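Since the structure comes first, as structure tokens, the remarks are kept for the end.
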């Protein structure tokens, strides 16, 4: 039976930084963060969803701490929207998903990011943001990662850092969460 | 309950042309079609879905005929994949969806396109392709349009040509299909 | 002997339109003119020359009239700068140069343009503007065309429209100017 | 009197690396060198000059050594072309120019580079390459730097690293070259 879209539901985008939003500093030759490009990307995509963008932090995900993840979790729980996209560096995206997954109830959360900064022209960011916004509208409650055109539940995904891709590893997250992980 | 991805299902992309794939002819100053950019876009998106790209035609959708729509319908029915994305010009995308919708059974089909050619840099095409590939994995059987970050069932969508956006018009397609429409 | 730069001389850029400044209208699928991108291009080139940009008209050079050429000539003569770059459609760039060449004295004028609109990403415009700004600083008085990395005196240049390139045709402009050309 | 172009003279481009040719490594998030983009840039600029591209090294100019500069000087002297463009990192471009300047005779050499990698989309590289190729055709014998749309003789230029721009400092190079500089 043909699915009918529910009345369009509002979406919250929580920005945490990541390669997605990195810029090139032409004075130092280094990458750095300024403000998020998420709004520009939605305009480029002529996106007409009801979206609220909120920047939680602007960091490389290798710098993501337990406190940072707790903060993300708290905001996911606190915002009124039931559908949430999180932009996140790819290096520890699966780890953050694994923190949110067991604790967040009643919401659909999709984490996404990019392998190349949006401003560099050859970025996968716009494609990934498109998939994340689509998955967040259609997947049921739970925490997911959207990368490489695919979606993964929080407990079955990891980044293959050698190849720069995400892969499905069923059962991965079913291992007991190490105590103290979020201490 | 957290959704589990089915074993990854193969997707067929049927290319029909549209603004998506237009190029600028620098000798004449006119737009024209060469070959599709869909493969380049999937590479840019680091897409790892199992995708088969098939070019049916390369036309402006204002030139789409009933015979063309019949050909698309026949290919949708004939290909082995249950999940199909169709790239299509936006001007008559809703009309093609309305032809496929009542006749195609047992498949999930998502039509998408772009307002600006992919090669022009400021295109919505990559974003739209991302959403279409995500929707086609998660929506149930039926025919849908994916534009502006949204999805629409075939019988409830039309393009507002003055504003260049797609809108949901419930009941639109429930009008009886004019006999002879596809004669 | 090593050349010494004169005190940096001010440059006037006279904008007349051309492919350079065309935009894509996503509602009609046609190309049109809005405002010039010359300022954006100078910023992208981190250009620190003393440049004044003045838009004379925004037209396809196939629409350039004798009156239009007279207006360009009058502005070249009237502006205080001795060094002038004119952005111009490529189709009749050589014709405009041939009108300015015999009449303008005491100034260095370089016409340039692009085969692909600047906003389309794959444009030669930024390269051409760079060459034009360099030639206008170093060439002696006279009227020149800068395209394809080369410079041509006004009387020895024509566009090969089949190949979309400019070529040197010595003696071309030494033919008597047709009477009434600028009537 | 109107200048006449000499019969088109061949140009050698000596590639040494620099920001110009840096790429983003999406696995490590670091910048690195692969092969030069100079050929792509000439194609984008529809450049029809007779150009030979030769890669001498692919390094960050902060790594440029005296031996490296000696190698560049030797190649400038050895190649048959009288007109040479050198692509070079901006940080020590003026230093390399100051080594070539006093020693190279009978040739016109223009050094240029970029503040942002060519592949990053917002690069000044294409503009700078355009200016360098124009200056090398029109300036007399000597060694010059082309940046920010301007040209500077080797003995009067330095990079203001705080602002990321080149400036003319007359007399700078007239200081005696420190003995041992190239030892």
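In order of appearance the chains are A, B, C and D, and numbering begins at 1 in each one.
The rule is simple: a contact is a pair of C-beta atoms (placed from the backbone, for glycine too) under 8 Å apart; a residue touches a chain by one contact, two chains touch by 3 or more.
As the structure is a prediction and not an experimental result, all values here were calculated from the model.
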Same or different residue numbers at the chain B/chain C copy interface, by half rule: same
Centre-to-centre distance between chain B and chain A (centres being mean Cα positions), rounded to whole Å: 26
Euclidean distance of C-alpha centroids - chain B vs chain D, Å: 48
Cα-centroid distance, chain B relative to chain C, in whole angstrom: 42
Chain D, residues touching no fewer than two other chains: 115, 122, 164
Chain contact graph, described as a line, ring, star, complete graph or other shape: ring
Chains grouped in pairs wherever the two touch, ordered by label: A-B, A-D, B-C, C-D
Chain C-facing residues of chain B, complex: 19, 24, 26-27, 29, 31, 60, 115-117, 119-122, 161-164
Interfacial residue positions of chain A with respect to chain B in the complex: 1-5, 8, 41-42, 44-49, 101, 115, 122-124, 126-135, 137-143, 146-155, 164-165, 168
